[in-house]
Amino acid sequence: MCAIVGIYGNNNAARLASVALFAMQHRGQEATGISSSCDGKIYTKKDSGLVSEVFTDEALQYLKGNMAIGHNRYSTAGSDSILDAQPVFAKYKLGEMSIVHNGNLINKEEVRNELIDKGAIFQTGMDTENLIHLIAKSSKDRLRDRIKEALNKTVGAYCFIVQSRSKQFVIRDRYGIRPLSLGKLKSGGYIVASETCAFDLVDADFIRDVNPGEMLIFSENNEQPESIQLFEPEYRPCAFEYVYFARPDSVIDGKNVYITRENMGKTLAKNDANKDLKVDMVVPVPDSGVPAALGYAAQSGVPFELGIIRNHYVGRTFIEPTQEMRNLKVRMKLSPMKSLIAGKSLLVIDDSIVRGTTSKRIVKMLKDAGAKEVHFRVASPEIKFPCYYGIDTPNQEELISFKMTKEEVCKYIEADSLEYLSIEDLRNSIGADRNYALESFDGDYFVTK
Amino acid sequence: MCAIVGIYGNNNAARLASVALFAMQHRGQEATGISSSCDGKIYTKKDSGLVSEVFTDEALQYLKGNMAIGHNRYSTAGSDSILDAQPVFAKYKLGEMSIVHNGNLINKEEVRNELIDKGAIFQTGMDTENLIHLIAKSSKDRLRDRIKEALNKTVGAYCFIVQSRSKQFVIRDRYGIRPLSLGKLKSGGYIVASETCAFDLVDADFIRDVNPGEMLIFSENNEQPESIQLFEPEYRPCAFEYVYFARPDSVIDGKNVYITRENMGKTLAKNDANKDLKVDMVVPVPDSGVPAALGYAAQSGVPFELGIIRNHYVGRTFIEPTQEMRNLKVRMKLSPMKSLIAGKSLLVIDDSIVRGTTSKRIVKMLKDAGAKEVHFRVASPEIKFPCYYGIDTPNQEELISFKMTKEEVCKYIEADSLEYLSIEDLRNSIGADRNYALESFDGDYFVTK
Amino acid sequence: MCAIVGIYGNNNAARLASVALFAMQHRGQEATGISSSCDGKIYTKKDSGLVSEVFTDEALQYLKGNMAIGHNRYSTAGSDSILDAQPVFAKYKLGEMSIVHNGNLINKEEVRNELIDKGAIFQTGMDTENLIHLIAKSSKDRLRDRIKEALNKTVGAYCFIVQSRSKQFVIRDRYGIRPLSLGKLKSGGYIVASETCAFDLVDADFIRDVNPGEMLIFSENNEQPESIQLFEPEYRPCAFEYVYFARPDSVIDGKNVYITRENMGKTLAKNDANKDLKVDMVVPVPDSGVPAALGYAAQSGVPFELGIIRNHYVGRTFIEPTQEMRNLKVRMKLSPMKSLIAGKSLLVIDDSIVRGTTSKRIVKMLKDAGAKEVHFRVASPEIKFPCYYGIDTPNQEELISFKMTKEEVCKYIEADSLEYLSIEDLRNSIGADRNYALESFDGDYFVTK
Amino acid sequence: MCAIVGIYGNNNAARLASVALFAMQHRGQEATGISSSCDGKIYTKKDSGLVSEVFTDEALQYLKGNMAIGHNRYSTAGSDSILDAQPVFAKYKLGEMSIVHNGNLINKEEVRNELIDKGAIFQTGMDTENLIHLIAKSSKDRLRDRIKEALNKTVGAYCFIVQSRSKQFVIRDRYGIRPLSLGKLKSGGYIVASETCAFDLVDADFIRDVNPGEMLIFSENNEQPESIQLFEPEYRPCAFEYVYFARPDSVIDGKNVYITRENMGKTLAKNDANKDLKVDMVVPVPDSGVPAALGYAAQSGVPFELGIIRNHYVGRTFIEPTQEMRNLKVRMKLSPMKSLIAGKSLLVIDDSIVRGTTSKRIVKMLKDAGAKEVHFRVASPEIKFPCYYGIDTPNQEELISFKMTKEEVCKYIEADSLEYLSIEDLRNSIGADRNYALESFDGDYFVTK
């Protein structure tokens, strides 16, 4: 999970890119970067930290030019935040290029080993370096052909933007797993971004999603971006974007994320309808469980209540609690609304259960606060398989639903009942017209080397 | 608006005080400080910044002892964040003391001038300095009597905690305008805090509110705090705490804040019931408008929807938008949920309208996003008078309801309709059993010099 | 030891004050501050850190007005760098004032207790607060008379600058213990500063030293500062300024510090002349021992060599050396010039010996580097008494010359011989025309309460 | 100009490397970095800033293992301090390696273009990347043979240390232009460092200089480093190290830097001996001119005086002086000792003149301070050619001695006389037994592609 953006044909390119990255900060808070191009030179500024910290006025003034690409990096274990920040810049035979990437290349190691065998060096752990090498090593004359050739050797879930000194090449894999949309800036030029929530902030009109397998080329020669269909599309957008990642006000593949989440909640309610379940209120785990909880409440008629308060001041560094204050860390982020829930039966909704530890703590916190019963509902199916398509999931052994049945998980988290969406439910909640990437739930790793 | 806390009789006093201040960060983000007492010496650490930034492990280790008082300072125009941070420490005739204060002394200038006439000096603009001077100048032998004498000369809305080298004196004004509650720490000792949400985080049981006009004295001699009724109580808790300031999970004067806010929304809905008002959804201005919007939705049956998304990454410093990006600042904090609201009639609920500029921008943002109608509802009465009892309100000339009728405000913010709670509605929503401080709404400045 | 400065009648007052403080950074690196006055208001900015860190352009723009006072604070054990920074500001009966102070009031506790008895409070440990209280409590109508009255109750070594909203009052104690000089700015107006090295940097011409017991008053009414002789002068400038504190390019009481230090070295050489001492080179302990070593070399004919190199990159925070790297800390600051000194007999000159630990380490370091003999010479007499007149010396028990004879010290530091200046030598080296404050050497605490 | 260090076979490897880099901070203050190897993995930490800032305890704990290499980077125009920091890490066919480099490759562009032609990419502007590519592309099986092959294509002045997961390879070019010495750590293992001043601080004994054209290999298999003579040596150590770069306590090629500088000063004095030159004192431009000035004084009998004081508090950021304070920037670093020099004839010694602007300002400053005459002496020959062997010199057009004769320079800097060392003088001062790299003086670019 990361965010990418490209701005083309606007004199405020870097500034608009930074605003778009700001709107997509939820997709990555570890590091951020922007490359602009101006007069045949590429300027890059990247660093660890939030968008609002890295892109000072001074930084934005350095990033001259009317085109820019940008990236927000999600924190993953073992990565070096400064060295692994994007864009990745390189000088190569045709000049200079800079690349941003969102996704995961599943044949990364094979390509890497093959390249290394031929004498290539890799300075980071990022798979973005693969693409750069493949482009640089291509024997084609034009960058577009080099990119094509490179992509022929690249398997995975990816969205790339390659910026040369005067052009931008936008590519989305044939499955369209990771989202990518095209918009028109009211102040001139185009924007391509991982999520449409970025369009609103930079005052851009949504044109369409970038098609699976499509390459868009922005250049001075053409008023409109050139479109080349590189690969036969087999559209499989990632279901997890709807479940958890995307901002609720984004629209992915024509579907508003918030509404799909409400649908998930409604479906959970329908599934509970014929049960003899008596609960006093529907309580979301904030913030991600809120739309599903609203859907559940609307469908079931059970009142929706903010029974858990989220504290937004939790920073990155704070006092390590002593032994006496063990459960402090959870409670510093989430607080139970005691007066509201004491003596009540709660229907608690979260977007997903990964390891089960957080769910367990939430149930305990609510019961400690006096809840009579806690019925846990999950607005997604059981996660039994790790994702290799761009999402940072733990090893399969750490996935609680790989190790336990639903009944065992229910007991482990000490809930009074536990229900998930079925895979079919999830598909229907998002929209039955489409095949989705569901590998975390069904283990169908359809992207094969 | 500020937060204060006192911890007495616990070896982790400063650490617990910092956690309590963290839970009350919403009451002040400008500066924070703690004084502890140990072996006859008072230790103080205060600085500008958030609780999680100021109270590093090193700072907490410096703050030795089993008693501590703390303060979060709200940013007010013209104040110097470092110099005006609390606690305020002083050496005086009986030794050392340190004071925290939440509130506002309305006879501050008179007392100050009188003291200055007699040769006193004032090093800051804080009214806390007044009390220190009055205590120091008293001729009484015991600190408790000096405090009493000082309070006899002090008029206003206040909560003080005075810490000497071995005792803590907690005082709430006779009207109980600012909240202050007493709790028992499960790990030993007592806590006094502005809001009960702090109790949950430090694992304390609520005992009772500190009474209006009461002085509590914590000392080694007594297992339980000694209680002295200094003044005849005339209980008038501040209505604004329920409307806006307090965290929803706090309980003030026996009333859960979240529930009173839901009641306010329900009352707005009842008032709208006999009107011929057709709206598609109830939309809160996040985060403070959410409970009232839930109440309105529950009462009216109109669906509740998160039509406005709040971005929590807005930091203190970010790029100043250029002319082309004028409305960026509002939208960086709040985003409309376009797909949800386009073509819809919205019933938007905010907690209050002060100057009207934010409300105007919100209405415009929603209409730009396609809303057909925006009916604005305010979960409090019209604010016509500045508050002198501890809340940072602008001059009367800047209060839109001082200058305009309801109809004029509705036109100014370009809403399709506008309704407030009446003062009576507000009182009933919180609880008809009590007289509240409502001076911002009715101009009844009952605390007189 | 601290530095103070006053600028009067120049539109760049705060900027010039910051430059003067920068020139006097050697007198205090812990904290720094400036108060300016403009249109009846006093502006203050103070913080911990170096002058170049605290006085950003933003800070200097805030410090409006054509008069300013400033202060550099020396780090002393137990002080809180932010709270004890100067200037100290206060509102009092006649309005506002701000004060900077260099020195030490020896009747501080008595005055403080008396003031506290009468109801005064003290918020810091600084003796500057004493003067403010005394001024504020005076019954006189004019500030100058209040200051006079306050000084009548003040005993010690002091230089004060009191700034009101339109005037500056400069006072030096009757003994002139701490230095203070008056200059004329080429860009207009006046400067008063602890050391004349500040004059060079701000382009000012030295006029004269402020006289012992004199008060200078700068005001709009008078082109020239008004001079009032408050006390009968008994001039006793501090010998330690010449020995160690002052920058070598400063002129104190008409004597260039560098030249007096050369004289001290010459005297040491004369004292050694009739001994049968064979050394190969004179080596200073950098930087403070350099002028005396040059004097010794010039007088004796023994070559001067930089046998010890000083590393100027030693910052405030660095790796704590492990057990294996014990002596690292000294050597990170000072390195022996091995090739130069190996097998040689050295005459090492330092300005003073306080506790003896540094001298011991230096001798060891030189011997480890191969020095055959190390003859230690000290360009001051034995320090047997703590200073109470503004210098941060340790307790008498820690002064090695209080506990040991010269022979014992020589043995302790493992030098081959050890010589000090006699008190008479020191007086003659600075200038026999004057009586000096020599209390650290002779115990003559002539400033009595 | 940069510094490199390698530590092999010591459990405190990274810590010792950081201490050695601290001792060589004068060779580069822009950025610093260390790579350690442990259990088959290479750990790297690098950042902009001083050694004492970057290498916190946390950083050093991360850098596990018993071998480490480190680098200090000198600031050069146009470089990105973070991206261009060293060591440079890469994964390649044989595993992982990390490299540090001091010097300059003069065939950098040719090699780069050739590599790029074959499909290589370059992510930075550092010539270190060249070597990594050449090593990675070599077809040899062993790293030592790959390095050899890579060096066969590499022309320039260089010192490299290549660290694999278990070995270190140290290489110095055949001319030995940049210094590199081998030492034995008293706490176990070996150190290789640019300057011997690092040995003193880490408690190491100097063994010998790394030979020109030599490769040293440290591995577990051998107690002693293996030595391979890769190239026929043609020893030409850089004269500029003696003139300016190296710390005075370092020994390069058997010659103590301080003593060679004294010799330069003595030679200047001998050259002046038969002139009718009457000066009152020898004044060094601190700090680099001090040893030569001591030599001049010793030879001539003219007294040595510190007529210019250097302020060591000059930080990286400070107030930009206004127009009125134009000459402030020079004077903030250097102050004239007015009382000492007023009315006197000075013989001022600096190590070199590059552009002439600083010399001009120094002469003006001294004359403004009252100096009667300023005779300028330069302890090196006229710099007429830019250096391509690792020293950051300006373009030839900016070199004042390229554009002007000695007489013209003298007039330009407004000195009363000006003398340089001849090239022969310089060679003799350092040691006539050796041929030096003197290209900046004589234009003999002996390292040819």
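Each chain carries a letter (A, B, C and D) given by its place in the written order, and its residues are counted from 1.
The rule we apply is simple: a contact is a pair of C-beta atoms (placed from the backbone, for glycine too) under 8 Å apart; a residue touches a chain by one contact, two chains touch by 3 or more.
All values reported here derive from a predicted model rather than from experimental measurement.
Note on chain A versus chain D: their Cα superposition corresponds to a rotation of 180 degrees, in steps of 5.
Distance from the centre of chain D peaks at B, each centre being the average of the chain's Cα atoms. One inter-chain figure worth recording: chain B and chain C are separated by 48 Å, centre to centre, where each centre is the mean of the chain's CA atoms.
Taking the mean of the C-alpha atoms as each chain's centre, chain A and chain B sit 37 Å apart.
Centre-to-centre, using mean CA coordinates, chain B is 60 Å away from chain D. Counting partner chains per residue, chain A has no residue touching two or more of them.
Contact topology of the protein chains: cyclic, one closed ring where each chain has exactly two touching partners. Working note: touching chain pairs come out as A-B, A-D, B-C, C-D. Contact residues of chain B toward chain A in the complex are 12, 15, 18-19, 22-23, 25-26, 29, 50-53, 55-57, 60, 187, 197, 200-203, 247-249, 251, 256, 258-259, 290-291, 294, 298, 303-306, 309, 311-315, 317-320, 322, 324-325, 328, 331-332, 335-340, 369. Remark: chain A residues 44, 47, 80, 82-83, 88-93, 112, 116-117, 119-123, 132-133, 136-138 touch chain D in the complex.
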